[in-house]
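Below, each structure is written out as structure tokens.
Consider the two complexes below, in which subunit A is the common component and subunit B and subunit C are the respective partners.
Moving on to the complex of A and B:
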């Protein structure tokens, strides 16, 4: 639908009308979701804003960077959470934290861009190592890089402050706003998540995005059309790394700290789970996956206790949820949704056999 | 006529569209291509015939760079491209089709052709969406029309029929002003009507566009080609006009012997 934009339809009206044509394709349901998200702070409590939605948007962004690589590029990278963690570390090192012996205390307008650039370089280099491999080997290489980063940060005390990492990493009080205050943080994360989502959606139909999907479907043919497949894949890693880096900085701000565990093997796998559960088919998938993950993570304990079971078994519930979704729908919640809609449409068509096409 | 073919073979001039010298490709102990020397003038239409395993598709894979050479050189429009990766050769005007369609199954027909147009132009990494009046979008739509797929232009390629996929395969090869095309069995699996269409499409290519066609259907091959190269066991063993090849007793014994191949 939205992905079918631009190509093909002959221009009828003026340039402006054409350029706004995409607005007409936005469904009422989408408008409703946008509206609810915008007015959420009016009726949701601080906990829901900060802990549920703020966290979901952040994990969704990091999942989105994986979705871009895996869904459009066919490259399952486990390094995206590490790129996010790297950006978080860089913000703590170049900017302010409670560890004043290491943190350089640069102003935010220097520290943040430098952090994003370094994390992007790190992600791009990881990609350059991984792109010559396929499938399981890409997963292995990126997992190796992720665990190397984890162990390195844990053992290095000079730069990364070892096991304890950095605490007191706070967002700058830009415009006099305390951005860690729940409502402000909600809008901050919503803004960046929505921007990341929109950019990925837009780029998916650009020459770069289309070519990446071509590389996914048939790398050999892409080379036979004049594309440098390796360069395209590395560029995709660079693009995805920027999104992951921004997500990582927001993640560190939300926790006010960064430590090796931020990008440990657990969180690295969680991002994969989030992206797969949500669905790799469209950019909205990881956000759905992140919301499900955060809800399970937050409330599974209460549910278990209410049922008279031991609360510490909440991971089991997350695992079961993952299993159930992947078992019924290999392409995640998005796939489930698409199939339900296709079925609804089919049954509608049965009633309108001669009344033209459904939809 | 025989002389002119011989002249072409001996000509070492850089004017040739394609020139192979001593091209050898081995897979372990197997010499899939054995000292192949071949030159094709710009605009020339050549058929490469030979039984299965004669090395025809390997020849294509070596020309496009999909397989590196074991030894020998390949010149494209006078330039030595032996060490070039495939995409660099494509950007110099070479195109190919594949025996088994290699398409982008999850993209639409017009997106497939658009990628083919984009691959040999600038802005391959552009993150800006193309406008409606983008020249490449228009070029893609024209090519889709040229291979009679306009009605299916928004269809996902995986949902196309086999014949339509073969037509799309040709459209991809024609994108972006090619100078020389390699057709790998374009008629395989097509119905008689589709074959007639194909011969028409190939016959209507602009005069400067040379090609090599691998084809088992002698009818198609001899109708579109002006010269023929016979391959056997990785070697070239005969070259000539279609008429000469058809009459050659050795060729008849080896290839046409069993009737209409």
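Moving on to the complex of A and C:
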């Protein structure tokens, strides 16, 4: 898979002007998207805010954690959804839920950090196991871990409450706001998604991120240069787990429940589909993939019925779409977009074509 | 073996004692104190035999998976879907003709044909791109799962075993003693499971013979070691790829018929067997047929004992085995590093 190294010009200087230089690189299109996202509640309905965008941001965050591992670390981990599910379970167990016999009812400022820490530990340990092997083995091992978690939560009634899981898991009413109100939830998820996006972008240009990309491209050379390859990979898992854990907590709040199915095999594969369809090359990819997935998931039924097909064939549509993307554009929708733009530029720039660079 | 004994005398002693103890557990009449601690011997023997026969089924499914992986470096995550498809095809065929035995060749041929199509139309186009191939197999498994759900619905299907195999047979294993007369009671066990286990052993031995004693097996082994060099010697490696893929897929199809006979088929079984194959080949060693046999036996027995003696943590036992193997021998028990 052709993954582009997203190496920016970090650490140019310390002057304020130069520190803000990145602002100049932001294109007008990006500003427009940011503006639209910020004023979205003014013209979008509750359903769009909560079901479409809220859900997209959450899935996008979990996909982002996979993108970080796969795009910058070269490790396709299927355990990210499980880390998210684990965080969701921990919030339900340590915080409040309708299952009062198990939930400990700790205040949110204790329950949430503990949940994130435990999920991160889980993700890091899974990563430590997975990095013992390379390449496609990682997929197999993380898939096995994910399914073990699924079957374990389904069988265990003492801690995980078995098949039914926990319901009534609600966000705390911080600042007197009901965070499950569509507008409030929209801004909540937007905030965390934007933060996750910014941090991933920042880390990818930090020394750690650059070293990780070096490890992805040539682990032996990096080891020869004195970098601890295994430690970098495990650290990448730890970092990605934090993002996935936050996404998982938001996911549980949006559904108000968590059950084994939350992190079942289906959702685990869905996250991979989202990240791959969006594009593993850049952090924005998973969010685009998540939006496409959620739109399909929400409206495919109506479209299929309108076309005279059975509505349940939605999964078929997802699978075929995924196949098409993997077949013709391994770097996802983003890759398609890049290629279209390159082609448009080539046809506009006559001189370059004449210079023999066109095909 | 002699070298091993000379090098590790203590380990050999421990392993020997464990083997003797296991044999005693299986063949002896348990004393009353032992019965109190462990429960009835019949339960133990049933769990053991269930585990071994389940291991046979796992071997059928996982050996195709590991063969395909070993030669083509293709992690075929659609393998579980091939298993389930084989089960459904076998069911339809057995239902149509009334002959249970006919279900096996039918499932083998249909699923192997699908394997040929997949290899020619899909995987051949992205040779050498491991990750992309794996992603494509995920897409295929999603599509196949939904197509099968479309055709066969969400119901449970079970293939009926023929009359000459139904019912239990008496085995030579003592399960207990009659209180009144002191006569030994012999364990009764379903004949069909024993037959299927014997069949999977035959398949395993046949595979070993083909791989080690024939020309085509020699080519396959050479391809596993170095496929570039093999194709450089003028062997038409694409033919071998197609052949191996068809055979591996066909084995999964046969596994489906077997699984459909002594368990049942429903949506979701594909994922279960995919995961079982994954764990089996991770434990046994990727690309190794003896490894798949050992892994399948270990996982099958562990799963059954787990579900009998600690029902809520059965999955954890399987998983622990995998974690231990990964921690101490990442290439798998019989895998080559």
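The definition used in the following text is that the second predicted complex is superposed on the first by the 336 of 359 C-alpha atoms of A that agree within 3 Å, B and C clash if a C-alpha of one lies under 4 Å from a C-alpha of the other, contacts with A are read in each partner's own complex, and residues count from 1 in each chain.
In this text, a residue touches a chain if its C-beta (ideal position, glycine included) is under 8 Å from a C-beta of that chain, and two chains touch if they have at least 3 such contacts.
Quick caveat, the model's predicted, so the values are computed rather than measured.
**Q** Which partner does A:214 contact after superposing on A: first (subunit B), second (subunit C), both, neither?
**A** A:214 contacts subunit B only, not subunit C.
**Q** Which partner does A:272 reach: the first (subunit B), the second (subunit C), both, or neither?
**A** second
**Q** Examine A:45 and indicate which partner it touches, taking first as subunit B and second as subunit C; both and neither are also allowed.
**A** In the superposition, A:45 contacts neither subunit B nor subunit C.
**Q** First (subunit B), second (subunit C), both or neither: which does A:168 touch?
**A** Neither: A:168 stays clear of subunit B and subunit C.
**Q** Please work out whether A:155 is in contact with subunit B alone, subunit C alone, both, or neither, and reply first, second, both or neither.
**A** So A:155 only meets subunit C here.
**Q** Could you tell me if A:105 is touching subunit B, subunit C, both of them or neither one (first, second, both, neither)?
**A** neither
**Q** Contact-wise, after the overlay, does A:320 reach subunit B, subunit C, both or neither (first, second, both, neither)?
**A** Only subunit C; A:320 stays clear of subunit B.
**Q** Kindly classify A:113 by the partners it touches after superposition: subunit B alone (first), subunit C alone (second), both, or neither?
**A** Once the two structures are laid over each other on A, A:113 reaches no partner at all.
**Q** Can you check the complex and tell me which residues of subunit C touch subunit A?
**A** Subunit C reaches subunit A through residues 73, 75, 77, 129-132, 134-136, 138-140, 142-143, 145-147, 149-150, 271, 275, 278-279, 281-282, 286, 311-316, 318-319, 322-323, 326-327, 330.
**Q** What residues of subunit A sit close enough to touch subunit B in their complex?
**A** 4-11, 18, 202-203, 205-211, 213-214, 216-218, 220-229, 232, 235, 239
**Q** Residues of subunit A touching subunit C in their complex?
**A** Residues of subunit A touching subunit C: 1, 76, 129, 132-133, 135-137, 139-141, 143-145, 147-148, 151-152, 155-158, 265, 269, 272-273, 276, 310, 312-313, 315-316, 318-320, 322-323, 326-327, 330.
**Q** Hey, which residues of subunit B end up touching subunit A in the complex?
**A** 64, 66, 85-87, 90-91, 95-96, 98, 102-108, 110-112, 114-116, 118-120, 123-133, 137, 141, 153-154, 172, 175-176
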